[in-house]
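In this document, chain identifiers A, B, C, D, E and F correspond to the written order of the chains, with residue numbering beginning at 1 in each.
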Amino acid sequence: MLDNEKLLQRGLEQLDIVDGEHGRSVADTLAGIAPDLGQYLIILFGEIYSRPQLDLKQRELVTLTALAAQGGCEKQLRVHVNAALNVGLARDEIIETFVHCIPYLGFPKVLNAVFVAKEVFEQRK
Amino acid sequence: MLDNEKLLQRGLEQLDIVDGEHGRSVADTLAGIAPDLGQYLIILFGEIYSRPQLDLKQRELVTLTALAAQGGCEKQLRVHVNAALNVGLARDEIIETFVHCIPYLGFPKVLNAVFVAKEVFEQRK
Amino acid sequence: MLDNEKLLQRGLEQLDIVDGEHGRSVADTLAGIAPDLGQYLIILFGEIYSRPQLDLKQRELVTLTALAAQGGCEKQLRVHVNAALNVGLARDEIIETFVHCIPYLGFPKVLNAVFVAKEVFEQRK
Amino acid sequence: MLDNEKLLQRGLEQLDIVDGEHGRSVADTLAGIAPDLGQYLIILFGEIYSRPQLDLKQRELVTLTALAAQGGCEKQLRVHVNAALNVGLARDEIIETFVHCIPYLGFPKVLNAVFVAKEVFEQRK
Amino acid sequence: MLDNEKLLQRGLEQLDIVDGEHGRSVADTLAGIAPDLGQYLIILFGEIYSRPQLDLKQRELVTLTALAAQGGCEKQLRVHVNAALNVGLARDEIIETFVHCIPYLGFPKVLNAVFVAKEVFEQRK
Amino acid sequence: MLDNEKLLQRGLEQLDIVDGEHGRSVADTLAGIAPDLGQYLIILFGEIYSRPQLDLKQRELVTLTALAAQGGCEKQLRVHVNAALNVGLARDEIIETFVHCIPYLGFPKVLNAVFVAKEVFEQRK
């Protein structure tokens, strides 16, 4: 199994930096129903986000776009709008990421993503 | 109509910076069949890419992701892997953008995007 | 910037015809978070919907289909089921648009769209 | 019209086996707005699910995957997590179907599907 | 089985009107590998396209949009750009259907669809 | 890094069972451009396919569906139609997997998948 202690530990550390409280809560929710899924998530997250080729701000730009483009990922977008703020992206960089997608994705997916960002921004005051 | 001279002019200038020879050739291909479509593309491109909230490297990270996430956009990916190189992204930043998407999009879309990048890199030697 | 007065004015007029009260309210919601996004929406809407090649009924057939096909666009479908009624499409033409999509999109997306139409029809009496 | 008595009858019988109470309730909801759509659903369901090339367990594995892969089909997933249990798939086979999809669909769609399964499992005690 | 003679007959007649030579050739291609699939296609096509709530031109507007929106359906788009011309849609109505989709689907899917139309128009001289 | 020797070894063994010659060739193609991507693929493949909750035939049913549902994954479908035959699924079970998806995905995605299967079946004589 992939879930040896060291990989999990690194994943959790990375998750704490990027997601704050939200990351571990996803894994906790999975504990009762699909614990392996939670561990894969943590391990893959730790692996990918600690690679040196892109920094955390760039990674969150990419994540926000991948989630907005798929549609139907409002829950995950909420986590990653928070994560984007945690790693230092400004609010208008987050909004601009979605605005930039208008010509590529059309308005409906962009609007859905912006409304998620609006909610998160309001919750964080 | 949106296509006043000034908007078109700015779009073409922006297109030359970002896409090099590829940008105008898309518009040219459209000239015989859907000329307005070509003009909308140029105008919207000029408008979006000249906004100050993100720089051109960040914009290409976002564009590459939006195209990879949709699937079936290999032609547009080819144009934008070139564009990404034109605005100064390194080859391993482009590949890493796709690798970063594994947990969000799965392997098939990532592989399709990486194979397009491979082709472009080989053509540019 | 695209948002000169004349383009915005035409967009708002077109929006009032097609969307009634709903159109401006989307733009209003965006005002606090992404005002440019609201203006792009209005301008592009005004531009596209005033083109002579298709009439407004045909345009709403196309819009309803594009939204149903994407999935996850229930909010936008709600606006455009209303818009379709506003421009004169009959209720059974709207439902038939979705029924026609069964062989192309499958039942799940069709059912999701029909349930949105059902809600809108009930709200309008 | 396709809806002759015999085809409908077979569809309803098949629906009762696979979906229990849930199947007929979808058709009932459609009765007031799109009755033909409900009948097509029943007939096609009866036709497809009674073909001998795959058994009902295999068919539900396929259905769960098709719904998870599309995104935005949480309602239909709920019906078919129930259906999967009805035809004899174990809870951990259902969860594993989604876990298996991680490399093909990515985490967001897998998580959305697992959360639907979690809800259904809890409701059935 | 659904494939009784009368349903198949009606489907083939409808297919000849809408698709000309192309429709039967899809069914022929399927004959060696998945003959039932070909028959379902013909029967469902005959059923849906002969419903009175929308005329054939409206149906092709909807079909073109559903195919463009999905992405990756270039083969089917080719058949239906031909079908759209067969039932009397003008070339600029077909192109406009795709142009209308820009704000809903973004440029990449619209461009892919327009390039298919371009090919078909050139083949038909 | 995830790519320790043991995980890679298990992945390659699993890949040989399921994919025959095709699996390693994907990793080889990636070696020059994105070697880590190839290793992640092998490790995740080895991890997922060796889990006991579903057998290899069930896993390939799920994989075929996930790929057909996404669209634009013809290359990966080709690999997995082969894999499905390698682990013992019959040709008509593979075709039926796609036929079963008609009500969930619509004909275009089903046809695209069936045509890939047709090609693979012919190549294997």
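Keep in mind that, in the parts below, contacts are C-beta pairs under 8 Å (C-beta built on N, C-alpha and C of every residue); 3 or more make two chains touch, one makes a residue touch a chain.
The UniProt protein names, listed by chain, are A, B, C, D, E, F = Carboxymuconolactone decarboxylase.
Everything numeric in this text was worked out from a predicted model, so none of it was measured.
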| item | value |
| --- | --- |
| Chains contacting each of chain D and chain E, listed by label | A, B, C, F |
| Pair exhibiting more inter-chain C-beta contacts, A-D or B-D | A-D |
| Same vs different contact residues, chain C with chain E, by half of numbers used | same |
| Centre distance in Å when chain A and chain C are each reduced to the mean of their C-alpha atoms | 30 |
| Approximate Å spacing (C-alpha centroids) for the pair chain B, chain C | 28 |
| Chain centre separation in whole Å, for chain B relative to chain A (CA means) | 24 |
| Contacts with two or more other chains, residues of chain A listed in rising order | 36, 40-41, 44, 51, 67, 70-72, 76, 95, 99, 101-105, 107-108 |
| Touch list for chain F against partner chain E, complex | 71-72, 95, 98-99, 102, 107-112, 114-115, 117-118, 121 |
| Chain C contact footprint on chain F (complex, rising order) | 101-108 |
| Residue ranges of chain F touching chain B (in the complex, touch as defined) | 26, 29-30, 32-34, 36-37, 40-41, 44, 67, 70-73, 75-76 |
| Residues on chain E engaged by chain C in the complex (per definition of touch) | 41, 44-45, 48, 51, 53-54, 58-59, 61-63, 65-70, 76, 92-93, 95-97, 99-105 |
